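Next come the structures, one after another.
Paired with subunit B in one complex and with subunit C in the other, subunit A is shared by the two complexes that follow.
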Partner chain A sequence: MLRYVLRRIFSAVLVLFVVITASFFVMRAAPGGPFDGEKKLPEEIEKNIRAKYHLDKPLWAQYALQMESILLHADFGPSMKYPDKTVNEILADGLPVSMILGLQALFFALLLGLPAGLYAGFKQNRWQDYATMTGAMAGVSVPNFVLGPLLVYVFSLNFQWFDAANWNGLEKGLLGHLQSSVLPSLALGMYYAAYIARLSRGGMLEVVRQDYVRTARAKGLSERVIITRHTLKGAVMPVVSYLGPAFAGMLTGSVVIERIFNIPGLGTHFVASAFNRDYPLVLGTIVLYSALLVALNLVVDILYTLLDPRVSYD
Partner chain B sequence: MTEPTPPPATPPAPETELAKGTSLWQDAWRRLLKNRAAMVGLAVVALMAILALSFNLISAYGTRFSFDEQHLSFEPKPMGARSVPMHYNRLIPPEEAPFEQVDANQDGYVDRAELSQWLSDLEFKRFDENGDGELSVEEIDDAPIPLLKDSAEATHRIFDTDHDGKVTAAEARATEVTELLPDGDARWFIRGHDTDQDRRLSRAEYQGVPRPEVHWFGTDELGRDMLTRVIQGGRVSLMVGFIATFVSFLIGVLWGATAGFLGGRVDNLMMRFVDVMYGLPFMFLVILLMVIFQEMPAESKLYLLFFALGAVQWLTMSRIVRGQVISLKSREFIEAAHCIGVSKRTIILRHLIPNALGPIIVYSTLTVPAVMLEEAFLSFLGLGVQAPYASWGSSPPRGRRPTRSTPGSSSSRVRPWPSPCWP
Partner chain C sequence: MIFKITQEDDPAHNMFLAGETDYLDSKVPPSALPRYLREKEPLLSTTPYLGVYFYLINIKSPPFDDVRVRRALNLAIQKSSIGKYVIKGGQQEAWSIVHPGLEDLGYTKAQGDTFDPDKARELLAEAGYPEGKGFPRFQISYNTLEGHKLVAQFIQQEWKKYLGISCDLDNMEWKVLLKKQHEKDFQITRFAWIGDYLDPLTFLELFEGANPNNRCNFDDPEFNDLIHGSVREADPVKRFAMLKRAEAILCDQLPAIPIYYYVKQDMMHDWVEGYQHHLQGVHATRWFRVKG
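Our next item is the complex of A and B:
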């Protein structure tokens, strides 16, 4: 187990290294720079600015400097577009917002998808099954950038229950936070809710055919006990292994959702910084995203061995 | 009409059936035909494909608008609004093209042939800069026409059908020097002004105002016909879906088959590479790539998009193919191929991949919608398909714009769905 974890961590470092290198050079290969504005800066000033951000050094030296400060000090340096802030500060502001959004979406996806899927699996080939699966099909098919504006139209413009495009945080209390965050989490989580419903239905179908479930029935256990004690754990397994990719997908998807709902999270920063050629901020967001994804996958894989003793990595 | 016709239902004589047997493909096809959901899906996809493929025809004869012409109104027009298609106005105003002159045979009507000839002569006069009634080599070089055979001299020789060294108006018309749309222009003009639908214009019709056409889906805020754009967007989306899938198919199948077939250290190395790639947040790199090549021309960006999206999707494919190949390669027919000395390359391409095709096709069909969604996702961020082209992802934000400018109080003006292209 330990060996496995170490190997995974090694491969994670490799991934991060590849990510940093790839995005560094792709970024620099692009036409345009962070200080290209409407007006051309005076030569002296531009020279000073370039010197401050080490842009006057050869490319490999910039790369080495960047690598050193990221790997040794976990420091992404100052932002080139917002001179009064470091990239670390911007990330520290954006990360919690994105995480809360992602976790709420995940919570919502599980809350809706899991029971629906398990129920459908238990009622296989009856109308409840068909109804749930039709809904799940629709959920999988509708992209979040269609669902988002639709939700806004119905629930914030028509009924005025929620904010249309806003992020309150916890400043206005829990209710204020929910008012601004329910719609984006719904829009972000709907696809995953639908997918989880399909997965858990599949898991349920597989489990209820197992011999041990038949044995439990033969012993005369009540349906409730069979479901909660015998089938639930096995049926949830496919969902657990999907959680990693799901959360990863939510992080990616939040780029769009944050744009639709005007949420100051990582995704907004990422797109804006890429447009602005804000090299350090782009690198920072990408590295942070990759680190999150890699860590998440690792956690899920380890969780898997704990839940299912048949799986082992040695 | 979109459903593929089933094979003839006449049952063959028992002997021939025994002699022929049914191939795997026929079996699969028959089972596909029996599956009602699959047939409905196929019909929908086929309908969209037909719409997308016949986009030029639809734009010319159906909606009458081209996908990028604007009828400015600074806010979206509702379904059923009308505008005069740009083509209808493309002619010079009537005072410059008097009815009497255009009506060559003086029968009181201008028909398409007359108008087209008049326009073509007009074009000729424009090209004939020194006004000597013939086109010289230099004039052909100056004229905005595609040169045949790469040089003005050669083009001149081709146009000069009677080889007397002069290109006259009649010759130019015959060889379609002035192929520059006069015929199409004439057709559009006549259709736009022809109120009694007799395919020719009386004097009143000729001098009247052109007839507006319906925007069946309304317009976007730039006054572009939504129906035309939806179909054009479908064309782009389907193209991205299929081409990017094909790219991922190529890379994935070759990578997976090679790894699985060679095995050992090479396999290990190749699959570790795939593992590392799996960890990459690929969508972000694609976003980065698209932002960075923002200034590329729209067409070449489209190609970049195909490859970027295809490059994201090949990983799972290569894993599936590798698994298939590993299970196939110890089978007898591969051994037999080895024995008779077939090269490794041929074994992979001719024996292994065709036999592993089942799961590959299934996964490819799943890749198509995934890629289309990713393209829509990028286009939504403004990074995918660039203006003036539309795609199914670039339309919703346009539909969303009015929600931003009209707060709740006037929400009645907002269309109830993000854009009419998502039914």
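Our next item is the complex of A and C:
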């Protein structure tokens, strides 16, 4: 197991190296630069600015400098769009917000999706099953840029239960935080809730047909015991393997939600930095997201071995 | 006073509607504006804003090197429709480059041509393209945004309808468009200028030959002299006369087709008082008060 984990970490480093290199060169190949604006800068000033950010050096030298700074100091350097901030500071500000939003959305997704799916699987081909799966189909089909404004319209503008576009950290108390974060978490998590419902229903259907469940029934165990002790663990397996990609999807997919609800997370920078040609910030967000993706996948693979004794990496 | 900063219009607008903010500075979403304007929404204020939207023409690239072609293009756009029916934001049609709000300073604007499709067809025929025959297909370049697309589509149709000429729309990312404009690699391109200071020169200097922001190859000796002279002229009346003459040269030569003058839309709840209009959108927040 340890050897497997070490091997995965080693390959993750390789992946990140390739990601950094590819994004560095692809970004530089895009037309336009960070200091092109509506007003053309006077030549001398532009020259000075380019020198400050080493943009006057040949591309390979810039690459070497950037690599050295990232690998030796874990420093992405100053942002080119926000001169008073370093990329590390921007990431440190945005990441916790995006993480909290993602975790809450994941929580909602599991809270809604898992019981609904298991219940539907257990009541296969009855009206409860059809009703739940119709809801899940709707959840998968409605994009979050439709759901978000809809939730705002109903719950903020009409009922005034939640903030329309705001983000209160926990320093405003749990209630203050929830008031601003429930709607975005719901809007972000709904697709995943629906997907999880479909996965867990499928998992349940597969498990209830297994011999050991039939044996349990034959032994005369109560339905409650059969569900909780014998089917649940097997039924959630497909959901577990989906959790990693789901959480990664919520982190990277929060771009739209962060814009709709004006949330100061990473998503906004992820898109805006590319449009602004803010090279260090683009690199910073890409590396961070890639590292998270790789790490999450690893965690899921390890979790798998704990839940399913048939899976082993030795 | 608490300032809440948003990237997008919609969250700012929602915060205002939910009563979380008292005043909404210019971020009224284009999707909501037509209804507000139609229903004369009392919380909305529409005021002139020191900016002009125009189409730059690369005047060294044939057939646009012929001033008759440029004038025909300008004459064949019913610009009054744009603010009303195209982007529906109440923008004011523009036929010359200086924002009319500056007339409050005592400046008198030069008069440009106005919508006249018959004259446009005549000029195009004189230039050798009767009914648009033989006119090469060309491109309008603009940066990707719904409003720019609507304007470009409208102008494309106007030119087809009144002049019989065809063009393609080429949208691209903002930074890519800027690069093309700086390299003068375009035929016709969307551009806009928000005035930096309250004087006609803020718009006119864009077309001075050596100005780094001059992107359309326009370099007219008389125009340049007027701009340089206006900087040294101490008598404000004479100075404005020089600038008016310079603006008139732009109306004749048309290195840029003015499309519309900007307006600014703000919203404030009726419990807010002390709002003062400012052409540059610099509202002195110290005078804002919440009633009661």
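Observations on the model:
By definition in this document, the second predicted complex is superposed on the first by the 313 of 314 C-alpha atoms of A that agree within 3 Å, B and C clash if a C-alpha of one lies under 4 Å from a C-alpha of the other, contacts with A are read in each partner's own complex, and residues count from 1 in each chain.
The definition used in the following text is that a residue touches a chain if its C-beta (ideal position, glycine included) is under 8 Å from a C-beta of that chain, and two chains touch if they have at least 3 such contacts.
Every value quoted in this text rests on a predicted model; they were computed, and no experiment measured them.
After superposition on subunit A, the partners subunit B and subunit C are seen to clash. Which of subunit B and subunit C touches more residues of subunit A is settled by the count: it is B. Applying the stated contact rule after C-alpha superposition, one finds that A:P42 touches subunit C and leaves subunit B untouched. Contacts of A:V225 after superposition: neither subunit B nor subunit C is touched. Once chain A of one complex is fitted onto chain A of the other, the partner contacts of A:A64 are absent, as it touches neither subunit B nor subunit C.
Contact with both subunit B and subunit C is seen for A:R259 once the two complexes are overlaid on the shared chain.
In the superposed model, A:A12 makes contact with subunit B only, not with subunit C.
In the superposed model, A:V299 makes contact with neither subunit B nor subunit C.
In the superposition on chain A, A:T268 contacts subunit C only, with no contact to subunit B. After overlaying the two complexes on the shared chain, residue contacts for A:Y289 are found with subunit B alone; subunit C is out of touch. Using the contact criterion defined above for the overlaid structures, shared-chain residue A:D163 touches subunit C, although it does not reach subunit B. The superposed model built on chain A shows that, among 129-137, 183-191 or 201-209, the segment of subunit C colliding with subunit B is 129-137. Residues common to the contacts of subunit A with subunit B and with subunit C across the two structures: 30-32, 149, 152, 156-157, 160, 164-165, 259-260, 275.
If you check the complex, the residues on subunit C that touch subunit A are 4, 6-8, 10-12, 14-15, 17-20, 173-176, 178-179, 182, 193, 212-213. Against subunit A, in their complex, subunit B makes its touches with residues 275-276, 279-281, 283-285, 287-289, 291-295, 373, 376-377, 380-381, 393, 396-397, 399-400, 403-404, 408, 411, 414, 416-418, 422.
Residues 30-33, 36-40, 42, 149, 152, 156-157, 160, 163-166, 259-262, 268, 272, 275-277 of subunit A are the ones that touch subunit C when the two sit in their complex. Taken in their complex, subunit A has these residues touching subunit B: 11-12, 14-15, 18-19, 22-23, 26-27, 29-32, 143, 145-146, 149-150, 152-153, 156-158, 160, 164-165, 248, 251-253, 255-256, 259-260, 270-271, 274-275, 282, 285-286, 289-290, 293-294, 297.
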